[in-house]
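Would you mind keeping the following structure in view while I ask a few things?
Per-chain numbering from 1; labels A, B, C and D assigned in written order.
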């Protein structure tokens, strides 16, 4: 596995810079026979594209995906699927000032010292636009998981800055640009964002993503455990600084008598584990939580240096998100889908012949 | 990469069950010429072995490592290094009752449904003893990183159950079985553990691990980012339910004006990022935090089921840790070392010819 | 490593079918700073494209490559390089008859039984056009190897059907469509091809490819040996049925006193080994030989079956090569380049610090 | 995949030097539930071990294998299987003279320049004894393939030096130390070996290995094709200089009308392809041929250099094989088994849901 490939069997190799000709990916190992067309992928892309909300980057990108290979007469062939999304709106002039300086909180400085060359336009490869390729690939994975196993993967925002967002129901999530599971709190969130914008600042967000319907037995012990692969996939999302499975950091202060999920013939009595034990899925809902840091590019003066090491002051203008977390939900869902399909294939590679007498218990009681 | 191999260039393939003949690993890709003997590895193993504290499992394991290959005349040859640790004290009779039942919070149930067969003795492969192999491999990595780059990797416990442990200094950490960085608090921790033990329960722990001296430029963008690989390695440690880099989940409520680490000619002004930006090391201290859940096996009656799906009540006896976190510090250090050496080698593979005019700035001011 | 990725550090993930929208690849791990533009790649592509000879498929493909990412201001950035070649001339009507039948000697039958679906147009993914992606990627590798190490990779045809072609000099190779190293024999080869064409048949070819200037030390013992990776890369070329390194099958009847290349201070006394010993390069010329089978699609009636298992008779019309070997030389060169660059990077990952007192001896005496 | 691991799903990571404490391997990804004990593996090892013939190295190695993990109550658990073979007879004194010199035809010179350090005793890692680990792993693969799919993998010697050995029947192969498929020719081979020995020289050998019963559909297009993986595995065997599939190099001079295997409802009319088309198995017998070079270490004076680059003359004494090919047959069978099991698992990972209406045709007519 090299730096731009995710997965072992269902692999995604992505490419593209923010202001290059295009971004995309090559998916390899997709099972044949899956009905797939551009619409399946476009639907997911549209959930994340710029311009869908007053609070996200005002860059007008149609983000139209083209399938270059791997699909024939509407079905996957089993051979590599290449997806390409051309970049259209690339207002390079927004970035002209930063050729020789490094934006604090961005990868400019690290890229420069690693590669000795960097594509400064719009953040090059570290830009959030690269995530479009992941969402595209995730759309394929989501579809297969749903059709083959009935797995549902959904996410929502549980915290915006210092505002905790209660979970009122999945039906709320699609109604607002925050992916907030509570319609009633949306005006408060909108007002908060306006306040942050006026302060020329930014805030972070916490995202939850849940997979329901995952059978017991996916994942491998020790390394490449399901939870380890999930942590890896989530931490690879730009701006993520923390990942939890189940009760996560709250587990630290819990007692074993509370945290350990008891098993009963009717199902698991609780789900503090978040659906993974010993690195393997239990059949319970897989619950993952991510922490996204506040946007690094803000229209306030910030101290930095230039390529010669001289002190400079920078102030970002142009298009920026006051909270990158607003777009993270579809990306997190995509990453979870990509990890799960890879483990689905691995499991059946090694354990297709396993037959266990007793039935698994339900993921939860009732 | 299959389920039991970590890394791309410096790979560690581990094997062994808790009550099998032995555990061990094969390290491949180690640079040649590193001075290495059993003592280098034994030192790290002794930091974690059972019996070093009244609070950890009273299983008397010498945990003596044998080097089977890859070292000649005291130096690594560049060929695979096989390490073997024989299991001695395997009191199988402690586990006889659980052949047909599943311990809540353990991998018993998931292994059974995945493999249709499981080694029930002492947790088989999911046992904490498997970590000895990781610590052994980590010892090799630590040594090379220290000698080649002057990198220091150290960890400590920052929270035990609901007790927050302040950082008073590294010099405290080696003085107590908790790896607590504060001598003064140790009696309180000891009393707390006694209380938990009397209640026949368990608690979790939070561990911090820090790598200092890592040059700028290690890591790769998008996938296999340094932070993603760290998250993956840490989440692969048994009982870990959460991983943070830098400010982690605290970043959510921070402002961008606060979180973004400014750059000055004298060094970075802060380190909220935790040493990684855009997936690449910045030259700052790499700070990682892990959440370990409370021990699953406790001497209280717990509800579970047997292989036929019938309700049973279980109560674990025998040897158990009231807090698995007590041993996690050396393991976390080992995992961070393994990720870093792999990235060191990857970086020089791709970027050995890169020459950047300006010098990197120091990791921090002063 | 999944089915469509070659390499460990310098990886090439290819995609595309013969009659899909396009073919291409994503190169990851390319060292940054290499000067690269479309012309560098186009030059290699033009050596292999259809229409350059009366003896190869009369399909008019411009085979124009587009660089979608990974290059900025004329130099590689170190991030993935995506190359795309759009398919233009796709005369689908040539293939309409074979939807339900399987061409003998082609992958039709195997694809059908593996995937349950196949893109029958022009051979889908198993078509020789897919090799354009390899040649494109190989062009990048060739350039870096030449500029960084002075390595020269060249190939030629040494046998066409039953005609042995003597090696008269490299200067002949570019003068004829056979890549034959002997101008004088070309009329005989042309006449032979005409005869084969009149007989509505096809023949195979033997290709030699040589890499000069490879330093000693590239390759790894046991698995992923340099010779093993070369064999793998060559056997992955469509129509290849045999690979030899050095004296190959002739070694069987040789004596050890003859085959073993002696070492002298002036250099190696011979090169029966073909430049690889113990899986590692010796500094001698790396000599590889491939056997390509005769074209499977010929305009003679051949027995086959249809999807229902019924006997049918098939006769291929349309565009076909009477010898696929005519195009194999640039492809073989590209594959050797891809293997060598991968090993160059692996070697410096593990052995960058190795310093040996004595100098390597020259690849050959004089 | 690093230098000492073979396979993607059923991986084998080997370790050990000829004169170190031991050699072995870790097998990961083995399906659970396979009945396995030391005898299964020992049987294969005994077919290759030194001392079974007057013509192979007189080193008395019991080559006893120990299973360290991954097997419980006689069945594989699905977790890594570690196999260890301790080295007993290590007559180091045989090698004392060569500390500072390089034996022609061996990896001594290349290892020295790659690693700057080498274990000179008995060839270190490049010794033929390392193959014991492969044969051990291959035994596990062979068993699973046989029990799960009824696949039979057998090999024989088809040429010794310049003596062609006709195939008279499988029943002959186990009767003589050559693995020759013709009892009648054995005296001639014995006399030939004596003559070579008197001349203090060595010869090469050609080995054929056949897998029958492989279903259609194993393998992947483009890269990691079944034939490419086979070539890779075979070329990784020490002393192999050439690999052919099916008619191999003879295909070059064949006509397409002859080489292309026709399909009929009763089966394939021929098998020039050797069981692989488009990188995927056809259901026909998979036929592979290897060329082994003559033993490099012979008791004749040979020119070489020492570490300082000075000319020396060397003459090997001690234990050596006049033909390493005598032991290659079980090793080649093991390698083919390892490649096939890996592809079996990959195929079912991606294509477990594929259902094709028509039945595959038999591998051959009658």
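Methods note: a residue touches a chain if its C-beta (ideal position, glycine included) is under 8 Å from a C-beta of that chain, and two chains touch if they have at least 3 such contacts.
Since we're looking at a predicted model, the values are computed, not measured.
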Steps needed, at fewest, to go from subunit A to subunit D via touching chains: 1
Most distant chain from subunit D, judged by the mean position of its C-alpha atoms: A
Pair sharing more residue contacts (C-beta pairs) when A-C is set against C-D: C-D
Centre-of-Cα separation between subunit D and subunit C, whole angstrom: 26
Centre distance in Å when subunit A and subunit C are each reduced to the mean of their C-alpha atoms: 38
Sequence positions of subunit D contacting 2 or more other chains: 1-5, 8-9, 14, 29, 32-33, 78-79, 114-116, 125, 221, 346, 351, 354
Of all residues in subunit A, those that touch subunit D in their complex: 8-9, 29-33, 78-79, 148, 221, 345-346, 348-354
Residues of subunit D defined as touching subunit C within the complex: 1-6, 8, 14, 102, 104-107, 109-116, 125-126, 130, 159, 161-162, 196, 199, 201-206, 216-225, 227-236, 238, 240-249, 251-265, 269, 272-274, 277-283, 291-298, 300, 302-305, 307-311, 346-347, 351, 354-361
Subunit A to subunit C touching residues, read off their complex: 1-5, 7-9, 11, 13-17, 20-24, 26, 28-29, 32-33, 66-70, 72-73, 75-82, 84, 114-119, 124-125
